[in-house]
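Chains: A, B, C and D, in written order; residue numbering restarts at 1 for each.
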């Protein structure tokens, strides 16, 4: 029972099978195949507008190249202090944008709008010494399994608009957030002011399928060169297209996300009932962060259950005792209710 | 009948099936799975020594990151003037190394050792204005389907040793060269003085499987960070491992390469006999470059045969008439003898 | 009366005159002149060992290139959260190192050793997601006019040694710190574990004279190329050498620094006595940060006195009232006691 | 007698004296002083339009940052194969633009328009593999002391316009070209289609005074951040302004350039008459490239005369015998007719 990460799963059977289906035959490389085009159109349908879609290999690539598309000299991308871009990408966004990331505070993994305003204010126009803001990025779902609701996205996007900054959404767990909010992709993005999305499929059942999606294709004019220069243009690009084709077919992606979220809720119920654990906060996607008594954690590990300890977020500092620890459990399309219930028994 | 490129093919059925086989279950991400480790050991076996292997997503990534590992300030990577790194990677190697590529002349796609010596001499030690050499890179097979034989690799590597420069091999078509030379991977690389290999599987039957291989693991100490910073560390890394597993199983890779080369030889025979074509030069791998009469080229295209015109290499300049054109035909694991013979009929 | 910054002053007369003295004649360019060599030797004398000295044009260049010399992929330079490199260099250090800066907390502008340890611990060895530490940098004197004493430098350097990290000193106000501590340059640097110094002359009476000084010349092997590639190799390099020659002659640099510091102490005395002001903290170099009543600040400005408001450091947050503001006054070699006393009268 | 380079001279006395004149007093830093503004206005006068002027420290910085202002992903700056940017800047332009330089052939140091067209054609629009052109750069005077006349600049600029590429002029020896052509700065730049100029003062009598001049200030919107991020914003910026003030006063700059050019013509006359030398080509600025008999070269060196051997340009290859060598002699504001005539005697 591996709850270490949703990327410890392999690929959903339907996605793996679709790769086999498309393995034969020949087709233009570098994204020019019929299948690539068909899937690009599916993105248009999903977002209810013409978007510009670019497949890339990793979520870090999606974020880094999205930010490259809006980079500025001395530019700063403002994002939550615990954002994946800051904490888990080895400086890739800075490397590709030749700029920096500006950490913004906020409880429960979300940037606080007033803190974001303060952060923007650190860069007065034309004050070269500090640099200049280049973009705002939110993570949906956040690194700690919470979600910006539509109003919260709107509040961030108003700040972005006021300062003429593009708004990016790191959607490594886009589908997990979408099904929780029960809104459309359009509502969660451009209708709420989001300009660019890192659209992740890998954590939700694909082998390797990530895309940068520009809501306004005009903003993507230079992106083909950005992607190629970054070594992210795949020759047999249709191996990504084939994954997305199956991912979207019959709303598989929503089904897998819904399942993963439900497994997390089921686990949260067990945790809430357990005398050995309490929830750090309420999960909203496919990750739950309990504060486990050290004995219970050891018991789980002894039973072969894999999960990661987690550095407590800033707003939780000081609330965790010496005999307990914050931990992260992640569920995926491949998690079974039985897995959860067995884990629950160990915590009872 | 598509002869545009070997990357217009999909994946070999055995490789696609192996992806399905490994789709289930859960395993550590980021290259730490048992399968990743097993395949890394296979690389050790293949190269007859302990090597350091890093999977990446594209050939451009393999080249660019390999060169990053040996980059120097103001550094110049010396390679053939028509090398893939110069002509077809949108400046990625320069982008990742923060340096430049130094073009070296030589007939038939191979660097001429004397020209390479001249190129190195442009960068006298400690003369900061010119910059400094950082590495030498050869392409095996070359961009125009020729091959460095073992002596030719040795001649280049002696220059590399004399100037204390690492020698890199862009092996996007490593297997095609290997089966032509009928040598071992060890003989074609470290036994001939090669330090780092961009080991390509994609053009030879994989979906997406490339690796940077360091013959001396000590030289790879910083490479894990180089790869992650470059957004080339795949979370579900075993989707690449699974491809390589099938690729190496029962020497599939040598079989697919041998087949592709044979198809090119079969096509070359047709071309040599044709009154409408002549060979630009003798093919040695899976690409043949005929000089086609324009009428014949039009006839092929009208018959639905896809192939690319090709800019004549420097040493062929002026030998091509106005009513003819240099073209490139590439064969792959998926090319059938019937395809070739039908094409041959059209040229008869 | 301009107290906005020490870089609002021009050049000390003796330095300007030395430029005239050396204007005639011809000499090898790019640092190879006799004068360049003579001054390089003076640096050896000053630091009581053979050092490697490289002139550059700005303090930002000195810091950025010093850090380039020790950069690593995914690398993080740890420095105080309000360090000049973070707050005032428009992202130049990140731009040149292709890495990032890691902010460390600490009162009065100095990194707290325990906080520094915590910061280093965020980057466990071989954990690629976070990146890796590359260097530690202290600012001496700090951005808020305080000074690391010898023991405090030693405490930082012990952490650096323990983690095998180079220790850099941003010495834009090196001389001001030196005369306060009343130690030798050797004691304040390599004898305390400092490896690389950004040695500033500009703020202390030069027009434009900065240097990167490596205590261990072997560490500077690639630096000539780093500097040239960064466009910081001056052809008529001796215009910098001539400034440093006069700067060091008869200890002018210590005299100008001592004078600037004394002017700050004189101003601090006025401020401490004033009913309209209080000191934010005790000044140790040539900057004083009073908390001024808004009326008093307005009165000074009306009298033509120039100074900057200052964002309160983290550890002072919440201690400043609505009718007052933290301000910065900087003195230089050119500040006169009369200037100070007139300012004092306005505050009485 | 040093003919190695015009940057072996120091500063013109009037320029050095002006630095002394402005050494006193205090003024806003970072380019905001009255003197900075006054000199910026002088640039407007000189170019007969409102331009945007940015002081930087070196010619390499001027070129590299000018190109940064028009950089594109995968971008290529087209310039002559022997341009200073390619041959003598240690890869700085590529480093700052994250792109590459594309060498263009042409006799006598000037790009041949047809060759330039061919070079642009290597980058078909939207063909990501090759990259894309970003700018065209000419050197005026060229690296080998020749000059583009107004028609030749116009021919290049027409190509630039047709492909919508900015045209840059590396004017490290701007004044030397200007006085030879006997045209106005406006005529040699924007009236001929030049968009951005690297305006050099250092080689023509300044200590350290270079500027990037945008003919269209709107194109410079991001440049303040580009310069600061590149560590090229000088705090005591007026030390550059003071040099330019003296440089332009009473047309000193034209006088020094005219003198240097005349000295070169005088030397060329001696060389043309000498039985031991012949001119490689006719000099047009302040550099002359004789082909010297080895005996004569040795005699000069024995007499203490300093000059550099020079790699023959492509179009001269094979025309130089084994007992002779191409050499470069550079004259400056500081060269005296007596120096020239003594050198002439040695060659008689």
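Convention: a residue touches a chain if its C-beta (ideal position, glycine included) is under 8 Å from a C-beta of that chain, and two chains touch if they have at least 3 such contacts.
What you are looking at is a predicted structure, and each value in this text was computed from that prediction instead of being measured.
Centroid distances from chain D, each centroid being the mean of CA atoms, peak for A. Just to note, of A-D and C-D, the chains joined by more C-beta pairs in contact are C-D. With each centre defined as the average position of its C-alpha atoms, the distance from chain A to chain D rounds to 50 Å. Distance from the chain B centre to the chain D centre is 41 Å, each centre being the mean of its Cα atoms.
Separation between the centroids of chain C and chain D, computed from CA atoms only, is 34 Å. Multi-chain contact residues of chain C (touching two or more other chains): 73-75, 89-91, 95, 98, 128-129, 131, 225, 228-229, 233.
The touching residues of chain C, when paired with chain A in their complex, are 73-76, 87-91, 94-95, 98-101, 128-131.
Residues 30, 68, 72-75, 98, 126, 128-129, 131-132, 222, 224-229, 233 of chain A are the ones touching chain D in the complex.
Within the complex formed with chain C, the residues of chain D that make contact are 2, 4-5, 7-13, 15-17, 19-20, 22-29, 56-61, 64-65, 89-92, 95-96, 202-203, 207-208, 225, 228-236, 238-239, 334.
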